[in-house]
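What follows is a set of structures for review.
Common to both upcoming complexes is chain A, partnered first by chain B, then by chain C.
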Partner chain A sequence: MRFARRLGVLPSALVLLAAAVAALAPGLFSTADPVRGDLGERLLPPGAGHLFGTDELGRDLFSRVVHGSAASLQAAAIAVGIAVLTGAMIGLVAGTAGGRLDGLIMRGVEVLLAVPSFLLVLVVVAVLGPGTREVAVGVGVSAAAVFARVMRAEVVRVRGSAYVEAAAVSGTGRAATLLTHVLPNASGPLAALATLELGNAVLTVASLGFLGFGALPPAPEWGSLISAGRPYLASAWWLTTVPGLVIVAVVLAVNHLGHVLRTRSERR
Partner chain B sequence: MTPLLAVHGLTVRYGRDRPAVAGADLTVEAGQIVAVVGESGSGKSTLAHALAGLLPDTATTTGGVITFGGERIDGLRERGWRRLRGRRIAFVPQDPGTALNPLMTVRAQLAEALRLAGTPRPGRDALEDALARVGIPDPAEVLGRYPHQLSGGFRQRVLLGMALAGRPELLIADEPTSALDTTVQKTVLDLIQQVAVRDGTSILLITHDLGVAADRADRVAVMTEGRVVEEGPAGRVLGRPEAAYTRLLLDSAPRPLTGPAPPEGEPLLAVRDLRKVFPDGKVAVDGVSFSLTRAGAFGLVGASGSGKSTVARMITALIEPTAGSVLLDGAPVRAGRVQFVTQNPYTSLDPLWSVGRIIAEPLRATGGADRRAQVRRLLEEVALPPEVARRRPSALSGGQRQRVAIARALAPSPDLIVLDEPVSALDAVTQAQILALLRRLRDSRGMSSLLISHDLAVVAAVAERLAVMRDGRIVESGPTADVLASPEASFTRDLLAAIPGRGR
Partner chain C sequence: MVRFVARRLLQAVAVVLAAYTLTFAVFSVLPADPVRIMMGPENTRDEAQVAALRAEYGLDRPVAERYADGVLGILRGDLGTSFQTGRDVGATIAEAAPRTFALAGAALSLAIPAGFLIAWTAAHTRRLWLRRLLAALPGLSLSVPTFWLGLMLLQAFSFGLPWFPARGGLVLPAVTLAVPSSAFVAQVLLERLTAEMRQPYVETARAKGASRARAVTAHALRNAAMPALTMAALLVGWLVSGSVVVETVFARNGLGRLIESAVATRDLPLLQGLVVAATAAVTLLTLTVDVAHPLVDPRLRERAA
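This part shows the complex of A and B:
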């Protein structure tokens, strides 16, 4: 079991590294234009000239997947950033304030949790309008509730610990205690949760792209690539399958690495 | 005659670590009480678990022979152990707080134990008899209760009753009283001793407390680093120890201060009619008054729940008193003038901070130049090397952590240090070192301290005056030597009688 887990670390890291490089410098992987195609080379199956084949306008699919990773991964990363920051802030306030304010905030968080998260994202995106950044905000808001709950529980635990009491006796102020003792000690589980949420976010962003809320055409994005390939499912399988496999690989890699990091931090 | 239990060269290791038990030898004759004494980490608990077939899966026995009643039992499989355990070998675990199932009544758990010990359908009489045998005055009443409705001492008696249900030949008791107050500890130990005499049960008593061993055992085995370094009749081992480690343990037992108490000097802290009622209506502290002189050490002794920790928290201004006053030099306590050292050094230091930063924390509030030099000086005062400043608390032992906590308390040069059970989480040897440190700090820098403990012996080793608390009130106070020599309150006499090893 442990061996199998270690075996997965290297491929996962490679997948993630490749995705990150593709997002930052797509030109390193593919020189083909992701937007302009050659109509003479329409719907070619994967082969030597076109690694992932071409689409109905003769555009190189490999290039489109590579160039699409920026939109997909950026949206996912921003979403997790928003979720962690707002969630941590809400949890910190609730856990520190206690009493009625705590109750009020946490009931609000529970309402957010009670609404199916994908529905919530759709509502936010419907209000803000389509676009990569809008999708990121929607996904981030819907995921913040979980972070808020975890953060509050950790803050309550740390606040009752003897070293926080010792800080009070030492004359350290409340705000300084919160920033130097409570926040660092409470944020461990949050980091673990964030890695888990990153995989989720990649998936949700792709789902929204599939539904047409993500990057606007002709810009490539993983979810919208699958959506665009759907009419050709019978004749050109690669248009849906290859982007789908890329999403699966990235989500699995993120989740696996997150899991490894988490178990390692727990063992410490 | 073959002994009931014989262990030769037993070696047990966890994973690839240094063996926890490294070639230990031990014999227990029928009807004897044998005490295994050692620090935490000496391997005594692993030895106890190996003898009851209760080692966790992570442990492997790599050598040695265990014979019980003439048969080898070291190679037994789980099925074989089940035939022995409960019927011929019984085990009493360390913490009575977690060893009983909280969802089952005493009746259900005791019936299970009796059934496994060979009574198919234990009747009411059998159940009540099992409890009566461990000195429970009202068995019918206790049978219907759940564990949380019983005190720690009663829970330990129920566990003992379950262990003895099968009339075993050998009872292994792993630190049976270390989670209990000294007075409760005495009654439970009395009971175990009584069982040995009455039923002829052999007892293997695992303890870190030499005093307990001295009072109760026929033979004593001293363990350190997985080995039995000395074994023999209790009187000989404790009276004329041969191993250096045994002598170290003996020297570590807390001794009361000698010499007359210094005259009462200028009062520093005055506590008047202190009272604390918690929101749930419980009166934790009810009219406590005492005063502490400058450069003096005052002790507050009492059982858990006596209100002594609540007094400490009011003096350090962590909680507000309901009534009464705490005056330092005639004025209300200002922030930083009273520092606090708590019981558990494993939780009182922020795990993410370096030791240097921890010690400097109170300095940040008061200011002061060149913190690094101050930290170095404070580390020196508590006898820690300067490089400790860079380490995290997790890299330190319990005793070192408590030294760090004391250094942090000393950092702002407070007028008074309140120490709440500062040594009760520590081993005997470490405990003696910390108590010596407290005495030295008082001499070297005139530190005034309020020492709070459930253990009269610990308080007497540092404080020249003390007060005994019970149910939120002070029942007796005075110079330590006088209280020890002629206790007035009956509760103080109970506390004194309960200190293990006083017969030595």
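This part shows the complex of A and C:
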């Protein structure tokens, strides 16, 4: 089993690397224009000229998927960043303060967890309006509660351990203890959770793009690409199938790495 | 027992009110004003029109008064009035609910047996390849975007092979929603089953001559099922999000479509009502499981009393 896991790490890392390069430097993968197409080459199936085929305006689908990874991955990464930062901060405050403030904060976190998270995302999107950044904020806010809970549990666990007591006895200040002892020990589970959440975020961002709340056309985004291919479901299968397969590959890769990280942090 | 249930009920009401407070805070205390949000920045240059609409929706009253009204309304079961249709939010939700319940019910009646079967087979099979395959299945299904799965099923079984209608049928949407739900059930149950199989009582049962299948079914499964059931609330939360995309893909009217249109038209009272209703459903389910738990597991009875 361990061997099988290690075997999966390399392809997963390669998929992620490819997606990241596509997001940062799409020109390396595809030189075709993702927004302007050639009307003479409409709805061509995948082939030598167009790896993923073309859409109803003759735009190269491969180029659109490559250029779309920036919007999709950026939104997912920002979302996880927001979730980790705010969640960890809340959990840190609750865990170190203890007592009544801790109780109050964790009640609030429980309420956030009781609301179905997708609805929470949609509430934020309804207020902020559609757009990639808005979606990222929504996904980030809705995922923060989980991080707050994990961070608080870690802080409480580490706080009771002998080396933190030793640090306190030897005169290390509270803030210094937090930074040098509590945070590094809490980072393992947090990193594993963040990786798993990244996969979720990619899926949620794609769902919102599909529903039409994400990137505004004609900018490509994976979810909205699939949505745009819907009218051609019966005639041009590649328009919906291929971007979906790309999402599946990326999410599988992220989740696999997340599981490896989690097993590693649990084993310690 | 009665005191336990009463205390949990009060907690549930508090959670629902807190969810209302949360959406109220997001919608009202932030600089964004519901009327401006609904109309969009480009249509709100006419201040007189904005003021008139604010007055019409009662938004010109003080925040505290509106909040108190909202809370009292929820306690009476009144969720307010939709911006877009002017209809009662509670009635709108009640009207859409049966179609979504039918979809979720059909999905669950596929997903729960399938999830049990996957977890049960993976826990008791001796064939390593089969166990690995079944254990990897949930993770794989949960990595697939649900809306895309629905589109792929439409492509294959509605356009490719004309077995099911693209609109109006229940089979394809139910299967779409069932795939991730069953993965969820299988994942939780298999995790519990694997932990239970390591318990000494399973070894005792095996030593006394029980077959591996019987050790799983009669011994481990009984102990694993209840903790797995506590995850049911998460599953319902998941069904809410699943129904939004599945109902959109298959053009079914229901709660999911209602949520989607409330966001698209920025109908904040309707969205708020949907959040409160969904939170109430999840909280009530959690409560039911918590209350039922000691009834099923004798070890917990003393703690609850």
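Structure notes:
The working rule: the second predicted complex is superposed on the first by the 264 of 268 C-alpha atoms of A that agree within 3 Å, B and C clash if a C-alpha of one lies under 4 Å from a C-alpha of the other, contacts with A are read in each partner's own complex, and residues count from 1 in each chain.
Definition applied: a residue touches a chain if its C-beta (ideal position, glycine included) is under 8 Å from a C-beta of that chain, and two chains touch if they have at least 3 such contacts.
Please read all numbers here as calculations on a predicted model, not as lab measurements.
Partners chain B and chain C, brought together by superposition on chain A, fit side by side with no clash.
Judged by the touch definition given at the top, the superposed model places A:Ala236 against neither chain B nor chain C. Of the two partner chains placed around the shared chain by superposition, chain B is the only one that A:Ala162 touches, whereas chain C remains out of contact. A simple residue count on chain A separates chain B from chain C, and the partner touching more is C.
Of the two partner chains, neither chain B nor chain C is touched by A:Val139. Legend: residue contacts after superposition of the two complexes on their common chain; A:Met106 is shown touching neither chain B nor chain C. Taking the Cα centre of chain A as vertex, the centres of chain B and chain C in the superposed model span 90°, given to the nearest 10.
Once the two complexes are laid over each other on the shared chain, residue contacts for A:Pro116 go to chain C alone; chain B is not touched. Of the two partner chains, neither chain B nor chain C is touched by A:Ala186.
By the document's definition of touching, of the two partners only chain C reaches A:Phe210; chain B does not. Contacts of A:Ala76 after superposition on the shared chain: neither chain B nor chain C is touched.
Superposition on the common chain places the nearest Cα atoms of chain B and chain C 8 Å from each other.
Listing the residues of chain C that touch chain A in their complex gives 15, 18-19, 22-23, 26-27, 30, 32, 37, 40, 132, 139-140, 142-148, 151-152, 154-155, 159, 236-238, 240-241, 244-245, 248, 259-260, 262-264, 266, 268, 271, 274-275, 278-279, 282-283, 286. In the complex of the two chains, the chain A residues touching chain C come out as 1, 4, 107-108, 110-112, 114-120, 122-127, 129, 199, 203, 206-207, 210-213, 223, 226, 230, 233-234, 237, 240-241, 244, 247-248, 251-252, 255, 259. By the touch criterion given at the top, residues 316, 318, 335-336, 338-340, 342, 344, 347-352, 361-362, 364-366, 405, 408, 411-412 of chain B touch chain A in their complex.
Put simply, chain A touches chain B in their complex at residues 161-163, 165-173, 176, 181, 184-185.
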